[in-house]
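Look at the two complexes coming up: subunit A is in both, with subunit B in one and subunit C in the other.
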Partner chain A sequence: MLTLQCPYCGVQADETELSPGYEAHLKRFGPGSTPEEFESYMFARKNPKGVHFERWRHAYGCGKWFLAARDTNTLEVFGTYPAQSSAPPADLIAKIKQKRPDWEGYK
Partner chain B sequence: MSTRLQKGGRLIDRSTRAEFTFNGRRLIGHAGDTLASALLANDQMLVGRSFKYHRPRGIVAAGPEEPNALVNLGRADRLEPNQRATTTELYAGLEAASQNHWPSLDFDIGVVNNYLARFLPAGFYYKTFIHPRAAWKHLFEPIIRQSAGLGSAPKETDADRYEFVYAFCDVLIIGGGIAGLQAALTAGQAGKRVILLEQTAHWGGRAVVDGDTVENESAEEWVTSAVDALKTMENVTLRNRCMGAGVYDHGYVLANERLADHTPGDGRPKQRVWRIRAGHIISATGAIERPLSFAGNDIPGVMLAASVRDYVVNYAVSPGDRTVVVTNNDDAYLTAITLVEAGLSVPVVLDARAQADGPLPSRARALGIRVETGRGIASVKGGKRVTGVQICLQAGEGAVMEEIACDAVAMSGGWSPVVHLWSHCGGKLIWSETLSAFVPDSARPPLNHDGSAMVSCVGAAAGVYDPADIIAGTDSDGAATAIVPVWMMPQGAPIGLRSKMWLDYQNDVKVSDVQLAAREGYESVEHTKRYTTLGMATDQGKLSNINGLAVLSQALGAEIPQVGTTTFRPPYTPVTIGALAGEARGEIFQPLRRTPMHDWHDQNGAYWEPVGLWRRPYCYPRAGETHDQAVQREVINTREKLGLLDASTLGKIIVKGPDAGRFLDMLYTNMMSNLAVGKCRYGLMCNEQGFLSDDGVVARIDEDTWLCHTTSGGADRIHGWMEDWLQCEWWDWKVYTANVTEQYAQVAVVGPNARKLLEKIGGMDVSKEALPFMQWADGSLGGFPVRVYRISFSGELSYEIAIPASHGAAFWDMLHREGAEFGAMPYGTECLHVLRAEKGFIMIGDETDGTVTPLDLGLGWAVSKKKADFLGKRGMERTYLADPERWKLVGLETLDGSVLSDGAYAVAPGTNENGQRNTEGRVTSTYYSPTLKKGIAMGLIKNGPDRMGEVVELNKVDGGTVKARIVDAVFFDKEGEKGNA
Partner chain C sequence: MRRYSVFAIAREALRYHSGWERAWASPTPKASYDAIIIGAGGHGLATAYYLGKNHGITNVAVIEKGWLGGGNTGRNTTIIRSNYLQDPSAAIYEKARSLYETMSQDLNYNVMFSPRGVIMLAQTHHEVRGYLRTAHANALQGVETQFINAAKVKELVPIINIDGPRYPVLGGLWQPRGGTARHDAVAWGYARACSDMGMDIIQQCEVKGVRSEGGKVVGVETTKGYIGTKKLGIVVAGHSGQVADMAGFRLPVEAVALQALVSEPIKPCMDVVVMANTVHGYMSQSDKGEMVIGGGTDGFNNYTQRGSFHHIEETLRALVETFPMISRLKMLRQWGGIVDMTGDRSPLISKTPLGNCFINCGWGTGGFKAIPGSGWAMAELMAKGEPGPLAAAFSLDRFKEGRFIDESVAAGVAH
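What follows is the complex of A and B.
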C-alpha cells in the first residue's frame, strides 16, 4: 500500500487517503480537434514499466489533486508536486535522470 | 510409543493439569503444552488423513510449518477448521477433532484411494476435467466430493470478536530469536521507535532449545536479559503470539496477534490485526528444516530432527523410544545427542555424506552412538506407525543392507531460510551452494518509497546460523553448516521407491509426481506447482517447495537457480477471515448514511432499499399489503391526492464565484450561465467521451451562485469531477464548490393537493403566479425556514422543499400532521420510479450505462448547439455516435398488457458470428403502471423513434418472447398540464 506526500498539506498520506487519477499532463483536445488528437487525449496512455507521471487526489485529506513521479516497477517515488503544473519541475526531472540514467526523459 | 518423560520440559508446568479431548477422548496435558506436544504425550501420533489418498498422517514438525496435524478446534460458534496442533497452545477444556477421515481416524474408507494411487497421478484433476465428461459427472466428482476436503466450515456466526490496531515505527523486527532480539537492542539503544514481533508465546527461537552459548552466557540467560532490557525501553514495543503475516508497499506490514486463542471466552478480542507502517523492516524469521525424500517418509513417526528436539527439550515429550536419525548435515546429530542424554535410544545415525567429522558428530560418537556415513534409508516400515527402517547405500539403488527396528525417525535435509517477508514485495533470492538453500540477495532488496532497501534479513533468515556471527554481524559460513545436498534417498532409487517418497504431505504429492510433470512438459516451477498441487496446501509448501523444485530441476537437467522458486505471497501462515474483517461486521460492516427523517421511516414500517451508503424507503407496506400492493397504493394516492417523499439524499452542490457561470457552461451540455436568478433548469452532464454521466435541476441563487442538484448516488462523484476540472485544468478560474448534500433535508410535496397543504401551513405565497413551475423562492412554512423549488420528477404539481437538516424531522412530521386531511401519505423509491417512468423521465443508471449519449435518449434539446465547447462535445462528434442506426429511447407497450422483463432484449432475425440470436434493442425500465393499469416500459431500440407503432419481440426470462409496440416514452399527461398547475 503506497504512501505519497501531499504537496499541499505535507502529509505523508497512506493509499487509503488517496484516489488515483491516472496519467498526468494530458493535453485536453476539445471540439475542432482531429480524430488522432482526440484519440491521444482520450485513449493513448503510456503505461510504462518504470518512470511514470500520474495524478492523485488527497481525497480523504485536504481534497487537493496533485501529481507524482513514480517508478511503476520498484514503486520508488521520485517526488510530488502541485496539479497546477503543465510539465514536471526541472529539479524533479534532474533527480530522476540521476537515479535512472537510462530513462528516456519526459515526453 | 511417544510419551511424557519424567524430567525436563522448559515450557511446561507439571503442577498444572489441562484436560482436553481429541475425537471425544479425554486426555491430560500440562499448562505450557501445545496441542501437538500434549497429543504426543498421550501417544497420539496419528492425527489426520492426507487429502488425496487418505493416508495416515502423524505430527511432523513443532511449529507453523506443520503440514499434517490440522484439527477442527472448538465447536458450534467457536469452531475453527485447519488449526495447526503445533501452534495451538493447550488450555483446559480444549476440544479438537481430526479432519478428512470417514468414518473414523483409525478406520478410513477413503484410504482405498491409496490403492488407486496409480490412477490419481499428477494432473489428475486437469486430465479428468477434460474427458470423459460423463465419467467426471457421474463417477469422479461424487467420489471426490465425498472424500475430499480438510476441515469442516463453521456454520454458525462467530461468537468471538476481533480488532484492528494501527501502529507506526522506525524499525519493525519480525522474529524474536537471538537475531531479532539483537536487532531490537541495537535499534532501541539508538533511540529508534521499535516494534518487535514474535509468532510464538516465547522468546529466543532455536538457540534456547539447542542450548547455544551467546556472548559467553547460556542462550536462556542472554534472552532473559535481552527481553528485560527491551522492556525498560519506552521506544520499544514487544509483542509475542504475533505473526508477521505480510509485507506490502512502502513499509506496510500486516501482523496477526493471537490474543485470546489460548484463553477462549475470557472477554478479550480473540485476535488483533496490526496494520503497521514501518520505516524499515528487519526479517529475523529464522529457518525451516527440510524433510528428506525416502520411501515411506510420510509414515507417522517420521519427523523433522530439530522438531524432535523441540518436543524433548520444551515439553519433555519423546516422540519414540528408539529413534533412527537420518541426515545430510551436522545439525541433526544434536537431536541424537539430546535423545540419548534424555535416556532414550538412538540405534543409529544414518548420514548420507561420505564423512562426518564436525564437533557434533564427534560428540555423538563419544556418547557411543552408532554413526553410519554414506548410508540412507531405503524404506520405512510401518502403517499407522513406524516399526523400522531398511538401510541402504546413499549412492546405490536401494538394496537393503540391514533392517533396524525403531518407532521414530528424525530426519534432516538441511535448512531453508524463511525468506517469505523478504520476497513479498519483490526481494530477490540467490542460491547458496554452501547452504544448499535460497538466501536473500542483499543487492536486490524490495524498495521503500525513497528508493532505499525496505527489508533486510538477519540471522538464519539470511543464512547466518552461528550466534557469534549473528551478534557480531558477520557470516563465517563455517564447517558447522557443512551440508551435502540430498534430494532423493537413495540417489538411484527406482520408481517403486520414488512413488513412495512424499514431498507434500498434505496434498499427497510425491517425487514421482513431479518427475511425471517434468516428463509431460511442465518446465516452469509455477506450472508444475499447479499441475501437481505441490505447495498448494494450507502450509503453502513450507516443507515441500525446495525439495520439489530440486526434484524438478534434476528431472529437467537444469540447475536449481535456473528453475527458480514459486512466488511467495502473504500471509505467511493462514489468518482467519474473522481477524481480517475485524470489527467491520453486522451493522457496522460499513457506515450507514441516515437522512434526518430516517427514524420516522423506520417507525412507520419502511421497507428499506440500499442506495449507495444511504438507506431509502422502497415503500411503506401496511398490514396485509405486499410490497407491490403498497407501491400501487402510493402511486395512486400521489396521482389523486398527496404524496410525501424524503428526497434528502438528492445531491446538492453549491458552485460560486465570478467564473461559476462559465464553469457550469463547460460542465453541463446545456447553457447555465444565462439562467435567471430565481429560476431552475434541468441539466445534463457528460464525460469527455460524450456519454451521459449525471442529471439534475440547477437553480440560480444569485449573481455569483448556482445550486446544482445531482442524483442521490452521484453527489460525491460529481463534486469530485468539478474539483478535478477546477484544480487540474482551469485552475485560474475563480470558482468555489461545496457539497452541501447533508446540510439540507429535502421533501417533495407531490400531487393535486400539494398546494392546498402548503397554503394551509402558510408563511409564504406558493400560488402559481408567485411561484410558477421551474422557479424557486426562499421563505418560511409553518415557521420553518425553507427554500421551495417548483420542480417535478413525477409530472404532478410538486414542490421540493429544502430545509436545514436539523429541522428536517420536525418539518416532515408537520407535513404529515397537517396533510392528513388532504390524504397525505409517504411514498418510497419504487413509487418514485413508477411515477417518473409514466412520464418518460430518464433515470441515470437505468436508461444510462456509460455507453449512452443524450441524443440516444432524445435529449438533444438539452445539448447546446451554440456553445463552442463543453465536456463531452468533442466525444459526441465521433462518427459512430452520430450513426442513425444507434439504439434510441422509446416507450414499449406489450400487446397483452403484461410487464416486460427488466433488461429483456429485442430479438432480431438471424444469428451473429458466435451463433447467438441477433438483437435490436433492450429494455431499460419496466413497471406495472397502476395509473394506466398495464405494463409500461422504456427501452433503447435500433432507430426506435423512426419506428413508432411497429411491433418488436422481446425475450422473456423463462424462454419465449413477448410482442410490444414502439410508442412515445411519455405515457401519462403528455401535455404536462398537471405539473404546470
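What follows is the complex of A and C.
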C-alpha cells in the first residue's frame, strides 16, 4: 500500500486517507491566455514512466494539500514537501539523482 | 490460410491433428513498410486489418513490445455495450458492437461473442433520471436500449438483491444486444487475418525512437533495428505518453491502474452483464463459470499493472451488497492493466503535430468494446490522412478548442 508522510502533521498516511491530485507545479493560465496556454494548463500532462511530482491531499487527516515525488513505475516514494513550493526542493532533487542516475532531472 | 470449419476438424481428426497451421507468421522486419502500427493489441491489430480489408493497404507491420494481446486486450472484463449519451460516442461504440456481431464469420475465428444483454443499474433517483435521458438519446441515435423497472431487473437477474440496505435497485438501463466476447480470441482472430493478408506481426520488438524528416515521420528505431515507414499509427494505450514523447508531442492523458478479478468457477447463475455504477462494481459470468469482476481505477499515475488492495475491497463490498449469494465465493485471480485516461474520458483518434503520424488512444477503462469500431475509424484516418465521420469528433484539437465529448458525467464511472 502506498504510504506518504504528510509534511504538515507528520503522519505516515496510507493511501486510504489521502486524495490524489495529479501533476504538481502546473503553470496556471486564466482569462486572456491563448488556447495553447490554456490547454497546456488544463489538459496536457507529463505522465512520465518514472520520477513524477504530484499533488496529494491529506483528506482524512489534517486536510492539507502537499506535494510528493514518486516513481510511477515502482511506486517508490522519494519524499514529500509543502504545497507552498514553486519547484521541488534542491535536496530532494539531489536524493532522486542519487537513486536514479539516469533521470534527466526536473523540467 | 486453411479455413477453420467443421470439415477441417473432421479432416484433422482422421490424421492425428497433424495438419493445423500456425495461426500467424513471426517474420523478421523488412527495411520499410507503407504503414507501421505500434502496438499489437486489439485496437492496433483491428487498425491493420481494416487498412487491408477496407483500403487495400497490406504492406503493413504491427510491432509489439511484449506479446500479442498481452496488454489491456487480455486484461479487461470483456463487456461490450454502446449505450453512451453523446452522439460521437454512441456512433463509434455502436459501430463496434455491430461489427462484433459478425466478427467470427468475418475473421473465420470464433471470438465467442455472446449478446447476452447488459444492465446498468439505477440505484439513486439521479441515476434514474440520467438513464432515462440516455435511453431517449439512444433512441435518437438508433441504439437499442430501454429503461426497465426493478421487477424486470429481478426477472432478468434472479440472484440480485433489489432491496439493498444502502442503494435499493430502482430500475436499470437495459441493452439487450450488448454482451461479452472472448478477449484473447479477438486479438488472435485479427492477427491471423492480418498475417493472411501478408502483413508482418513482429512481437518482442520495442520501439525506442521515432525518426522524422521535415516534420514528417520516416521510420522507427526499434530493438530489432531501424524500420522505415510512410505512415505511423501509435496504438499503445497505457504507454501512449512515452511513444508520443518520442514523436515529440504531449497528450492530454494520464496513465492509471485499473483492476479486475475472477472468482472460482460456479454453476451458471447469471446470464446477463450487470453494472452497478453507484456502488461501483460490475460482474458477469464467463463460460467457464467464473464470476468476472471489475471496479474502479486507482487515482494516481501508475505503470505497475497492479492496483491498490483497498479498491478490490470496495468493489467486492459493493458486489456482495448487490449479489448476497457471492459472499462466500473465493477469488482466484486479480490483475491490473494500465489505462490511458483523457481529460474528458473520451478517446483520441487523431492526426498529431508530426506529419503522417496518427494516434489512437485514451480509451481509458472501456477500450475492449470499441476494438472493431476503433480499428475501422483509425484505418480510415491512416489511409486517407483525414478522419472519416466516426473519428472526426475524437481529434486532439478538441482540448484546445473546448469541444469535449463529456462522457465522464454521462457514463458515470464504469466504462
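Basically, the second predicted complex is superposed on the first by the 107 of 107 C-alpha atoms of A that agree within 3 Å, B and C clash if a C-alpha of one lies under 4 Å from a C-alpha of the other, contacts with A are read in each partner's own complex, and residues count from 1 in each chain.
Keep in mind that, in the parts below, a residue touches a chain if its C-beta (ideal position, glycine included) is under 8 Å from a C-beta of that chain, and two chains touch if they have at least 3 such contacts.
Because the structure is a prediction, the values reported are computed rather than measured.
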So in the superposed three-chain picture, is A:Glu54 touching just subunit B, just subunit C, both, or none of them (first/second/both/neither)?
second
So, A:Pro20: does it touch subunit B (first), subunit C (second), both, or neither?
second
In the superposed arrangement, does A:Glu76 touch subunit B (first), subunit C (second), both or neither?
first
Looking at the overlay, does A:Ala87 come into contact with subunit B only (first), subunit C only (second), both, or neither?
neither
Once the structures are superposed on A, label A:Lys99 by its partner contacts, choosing first (subunit B), second (subunit C), both or neither.
first
Looking at A:Cys9, would you say it contacts subunit B, subunit C, both, or neither? Reply first, second, both or neither.
neither
Is A:Lys46 touching the first partner subunit B, the second partner subunit C, both, or neither of them?
second
Would you check which partner chain A:Pro31 touches, where first means subunit B only, second means subunit C only, and both and neither mean what they say?
first
What is the shared patch of subunit A, the residues that subunit B and subunit C both contact?
1-2, 15, 19, 35, 38, 42, 74-75
Can you list the subunit B residues touching subunit A in their complex?
248-252, 277, 426, 447-451, 688-689, 720, 723-724, 727-729, 731, 868-869, 873-875, 877-878
Over in the complex, which subunit A residues touch subunit C? Could you list them?
1-2, 15-16, 19-20, 22-23, 35-36, 38-40, 42-49, 52, 54, 70, 72-75
Touch list for subunit A against partner subunit B, complex:
1-4, 14-15, 19, 21, 28-33, 35, 38, 41-42, 55, 57, 59, 63-65, 74-77, 83-84, 99
Can you list the subunit C residues touching subunit A in their complex?
239, 241-242, 250-255, 299-304, 308-310, 342-343, 399-401
